[in-house]
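A short write-up of the structure that comes next.
Labels A, B, C, D and E are assigned to the chains in the order they are written; within every chain, residues are numbered from 1.
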Amino acid sequence: MYNGGKIILGLIIFLALAAFPFYSNLGGSAKKAMPSLDTPVIQQLAVKECVKPGEYMKREHMKVLDQWRDEVVREGKREKILVGGREFEKSLQNGCMACHSNKEQFCAECHGYAGVKPYCWDCHLSGEGGQI
Amino acid sequence: MGMLFSLFMVAALIVVAYAGVAVVNMQNLFGVVIPYAAIAIFLAGVILKVLKWSRSPVPFHIPTTCGQQKSLPWIKHSSTDNPQTTGGVIMRMALEIFLFRSLFRNIKSEVTDGRATYGSDKLLWLGGLAFHLTFFTVLIRHLRFFAEPVPAMINTIDALDGFMQIGVPHLLMSGVILVAAAAYLLWRRVGISQVKYISLAADYFPLFLIISIGLTGIIMRYFAKVDIVSVKKMTMGLVSLNPVVLSGVGSIFYIHMFLISVLLIYFPFSKLMHMGGVFLSPTRNLSNNSREKRHVNPWDYPVKVHTYEQYEDEFREKMKEAGIPVEKE
Amino acid sequence: MSMDRRKFLKMAGIAGIGLGLGSDFILMSPAEASSGKGLPSSGERLGMVIDMRKLTNADLARMIDACHSAHNVPTLIPEKNDVKNEIKWLWTDTYDHTFPEQINDYHPRALKEKSFPLLCNHCDHPPCVRVCPTKATFKAKNGIVVQDPHRCIGCRFCMAGCPYGSRSFNYVDPRLYLDPAKKNPAFPTRTMGVVEKCTFCPERLVKGQLPACVEASNGGMIFGNLADSHSEVRRVLNTHFTLRRKPALGTMPSVFYIIGGEDYAG
Amino acid sequence: MKIKSLLLDEKPTVLKKWFDLILDTYPSETSDFLKRQDNNPADPVSQIIHAGIEGLYDGLIHGIDSDTMHAQLDSIVRVRAIQDFTASEAINFIFHLKKLIRAELEQDIREQDLYEELLAIESDIDGMINMAFDIYMACREKIYELKANEMRNWTYRAVKHSKAYREVKADR
Amino acid sequence: MENEQKPEELANIDFNPPETGWMDTPPEFKKGIFCYGSRPSYLEAVGFPNAREWKPTDEDWKLPDNWKEIVLEGMKERLEKYRSFKIFMDICVRCGACADKCHFYIGSGDPKNMPVLRAELIRSVYRRYFTTAGKMFGKLAGARDLTEDVIKEWWYYFYQCTECRRCSVFCPYGIDQAEITMVGREILNLLGTQTDWIGGPVANCYQKGNHLGLEPHAITSNIEYLCDDIEEITGITVEPSFNRKGAEILFVTPSGDLFGDPGTYTAMGYLMLLHELGLDYTWSTYASEGGNFGFFTSMDMAKRLNYKIYAEAKRLGVKWILGGECGHMWRVLNQYMDTWNGPADFLEEPVSPITGTKFENAKSTKMVHITEFTADLIKHNKLQFDKSRNDHLNITFHDSCNTARGMGIFEEPRYIIRNTCNNFFEMSDDETREKTFCCGSGSGLNAGENMELRMRGGMPRGHAVKKVQEKYGVNMLANICAIDRAVLPPLMDYWAPGVDVCGTHELLANALIMKGEIKRTQDLRLEDLPGVEDDDDDEENNEEGEE
């Protein structure tokens, strides 16, 4: 008794699962994530500068936000940050979004691409498209 | 010795990957060539190994029965531990594969009042199940690097995995449990004398390898963060057959990839093939219906037997004397 | 998925109570447990006097509206049993309910029929802080009892702990019931599964503004630093007889009520 | 007795060494293997020894009745009687205890002049040895009886079923 | 005495054992642990190779010159023939779950008695000669060369395995040491290294139809003798038939039950039951063995011995076959017989002539286990019992490895015991049913010369019985296996003195009220039934019986 049929079926299932990433991407044009910095506020800035360098923010923005949260909510340190002569409010909603008002093109671009679903927006308002 | 050797081997692999990328800049080799080769070897190796197994038949019907057989209708039959039908076998195999039914039975010997007694011992079951389930979860989670857009199911798994919402980025429990469970399995091989005694280099190596893979992954996510978007561009390049190598992706990513590649290459030639073998184990995947339905042995051949005629010829007189009927007077 | 997590923890929390863990189960350092006792070194302790003589029902309605639109608090959730669903930052109740220890058959009828504004008392000894298993609720240096919704797991121990009913749980998604005309884009909402309450408006205080309700009270509320003997709030307290809610509980509220009746007192 | 309290203090050390000495009496492979299990033996053989010698040791210090002593010894000796040992090998683990006590308490005995007490303890141990030897012999006799029975039964059955036997039986 | 420590050595005992791996430790052959090598005549009788005089303790085992080739060729052939063997060689992860499940390991502490390591003995050779990694990396990959020492080690340890399959129950992949031992023994048989105790019964069975070598007249006279005893006890004359053509049912049971106590009492039980039913059945002198020691040598040999059952059923023209209580006999009948010597299309689907019950689970082999048959009778109230005749017995039931883990027959015998006895007590769950412990003497290890091994392997079973003996006053160990009935009495004598051994059909026949029987004063063992002789002393005797 060889059970050849069942074994072949099993192997086909194995192959179908293991090779899923390959055939599911066949012919698909690889979309690239390009977060947009094009907002009216940013356009008007003479020096386009965030609280930290862009490379750093790319990796660690969540840490920055987390740190802000702790300072503001838990320690009551609500004073603004001064970077390059500009004041930034330590707030996602009133700080980040003041410049990056394009949540869909900015935040969601990479988050969606990398399959990250932060729960910031469950409470915080992006102010975009009447979304509350 | 086997343990130190394995540890050394994994350390050497890490050094090779680091040197290859950070010193001699062979990003193409470690980011494209080796991963492709590994996937090819893995797929072909697993399939060939299973086919090799399948060339040996199951000549006899030898399930290990772990419950009441199906006999008289009023006797309660244990349909999964002693299956009589294909459905029962499927249930038994499902319990075995998803819940490690047999390990769940595990007991340990103890001595009370100078006599051997037995107590439940579920640690190995728990450790093994935690290891395999989280390994699988981590694997599925990684599909977010191999699909665009990311399927909703992957996001859901991710959210469930980060359910405790500890820290940022969310701590994914599966990764931590995976490494912890692997560490437990490693500890068993060092801390439990019987298991230490039977362990070979081939037992330590995959554990060290998987722990290293887990740790590099955890480091990339929480500590030395890599540019996740570039990483995904590379992984998507691989699976869409348009491989790219992007600068700015740290060496740790290449180490992670290289170790995974080694695991994939090692897989078909090692005990890790228990993944496939468990499906083919004749003591588990057969129903206990050999009295109801004849099982055929494909290599059956006639054997020399002692026939009744020979027997009667040898004992005819004695049989007659004892009043036993005979064929030939 | 956060709500699932919270539901889960809520269940776990309830199971914890069921197992008799109760309030001893609270993860709190002794220092924190007693944090309400001494004054913080900042020398700041925010508090409020509510002068019932000056507040009409119309005032109260305006104050509530100011509070709720400043903080995106859904005013009405028309789901079944919306009493349970009500989100209370600033709300009103009768005298008897406000001061149950001071009930007197011979109180003036007008007093008994009057609506009293209620809010979080930002107690010195807040029971809600003691029972919070995740330290989502804590006593800030300035005396405010802070509820950090990021950390809240929705166990509702604080709701059980608060003797004033000042905490509300989001049984439904509050965003669905916000009045679009009155939303404040600069303030977050909450999600289903967390507890919320009056904050004393630190986001306004930092800008030098008074809390939304105080600002809208036309002087019916006096807000300030109780630790500063020269503050207005202390001046009012020095010159008026005030009541705090449920004093026998020893929670030491920072909200004081001037009931009125000086006409006869002199 | 002073020596008993010393023995109580030294219990963990003595038991550990005693246990290892007993394991040394096993064939090298088994012994090496069993010894690697340190303080938490996972197999019944070493567990039985472990529990048995602790019982004996406690019995020595606190005193036990001979039935309990017999049971403790029986649990070890009955196993050793079927484990590749000669008679002396099977029971010399108790002799080890004497030596261990002398070695461990040597200084105390000399300094505090506890020789008489030592002799008393040793004569208790001698009692244990006697009992162990009896148990061992009973076990071995049992083994040989079982072997003999198997042989005897074969012959007996063969005879019993023979015609002659049955005729004799019928006559009776 | 070399182990004895001098006092001065005690101070510096080396507590760090030398780190020798198991591969570097050849076995020491210890007296009482192994069986004698098979005498040449046994091997010659069935045509096994390399028949010669040899002793396992000999330095030179007189292996054929090309022994290595034979072994490797034998392994290769079996890797191609048995998927079980091939997979079990490849997928073990050495998790150790099986380690302390083996009764020989529990009783000896010898690490090579852990199933995983016993399997590694052969796996290491498999890796060396059949896997790329093993060829390339040798010891590092867990591989080792095949030497004569390895063969001796196989022999020593594959004959310290009773093929009880307990390890297989706990293995996450169902790796079955029995399968590996069976292949290992087959290979050893290619070199003529059989044990005498297995070789003898195999040769006997092949030539004379049963393990004991009883010739036809000896079988009939044995059974007649049992009938005499039945007559003495019950006053009923039982007259079984032999080799009778046209009988409805052929009855096959292990020959051990015809010859050795307490198996004979079980055989008397069958005779009484089948007589009481008036069943149209016959015994056979040709197929006078249900057991199959060939199973402990090679599949071919097992098939050659098993052939006789169907052949005889066909010759006699019976409708179906009824099988007695036996362990490995039923492993073979349940899992192998139909494949080897079927299809039995000349027989009919078994139907109980008494109750009309169809045994659908046996519709292909046409062979029914007697406890299935009897349980069905009891369920249909076809039998009358006086349970009080077993009142002096406190019974526990020992599940035999093969019927437990190779068949799953748990409830039928218990049903019989519960319906024929008042005092039944189970051993603990971890020691019965699928987790039952072996008697320590199965798979042809029930010789006399390896008594120490048997007592050692039987220790877990002994301890288990001792526990219920102390707890419930158990004094009778019932079972459904002829080897059990042969080997458990000495085991009990050593580990739980005072506990006797019986088959379930002895208990049944003792309680069975037969039509026209005299008042019974004796049990099947011709011992006085307590409380029966003198009616006045009833109570007192009963109390004595419970001791």
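Following the convention adopted for this analysis, a contact is a pair of C-beta atoms (placed from the backbone, for glycine too) under 8 Å apart; a residue touches a chain by one contact, two chains touch by 3 or more.
Since this is a predicted model, take the numbers as computed values, not measurements.
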Between A-B and B-D, the pair joined by more C-beta contacts: A-B
Identity of the chain that, by mean CA position, is farthest from chain D: C
Core chain by centroid distance, with centroids computed from Cα atoms only: B
Length of the line joining the C-alpha centres of chain B and chain D, rounded to whole Å: 45
Approximate Å spacing (C-alpha centroids) for the pair chain A, chain E: 68
Centre-of-Cα separation between chain B and chain A, whole angstrom: 36
Centroid spacing, where centroids are CA-atom means, of chain C and chain E in whole angstrom: 79
Where chain C touches two or more other chains at once, by residue number: 1-2
Junction residues of chain A, two or more chains touched: 117, 119
Where chain D touches two or more other chains, by residue: 33, 36, 42-44
Interface residues, chain B side, partner chain A - complex: 42-43, 46-47, 50-51, 54-55, 57-59, 143-150, 154-155, 158-159, 165, 167-169, 225-229, 232-233, 236-237, 239-242, 276, 279-280, 295-298
Chain A residues touching chain C - in the complex, by the definition given at the top: 69, 73-74, 76, 78-79, 93-94, 117, 119, 122-125, 127, 130, 132
Residue ranges of chain A touching chain B (in the complex, touch as defined): 1-4, 7, 10-11, 14-15, 18-22, 24-26, 28, 30-33, 58-60, 62-63, 65-66, 110, 112-117, 119
Residue numbers on chain B that touch chain E, as the complex places them: 2, 5, 49, 53-72, 74-76, 78, 81-82, 84, 96, 100, 102-103, 105-109, 115-119, 124, 128, 188, 192, 194-195, 197-203, 269-271, 273-274, 277-278, 280-284, 288-297, 299-300, 303-308, 311-312, 314-315, 318-319, 321-326
Partner chain A, residues of chain C touching it in the complex: 1-2, 72, 138, 140-142, 144, 146, 148-150, 175, 178, 180, 183, 185-191, 202-203, 206
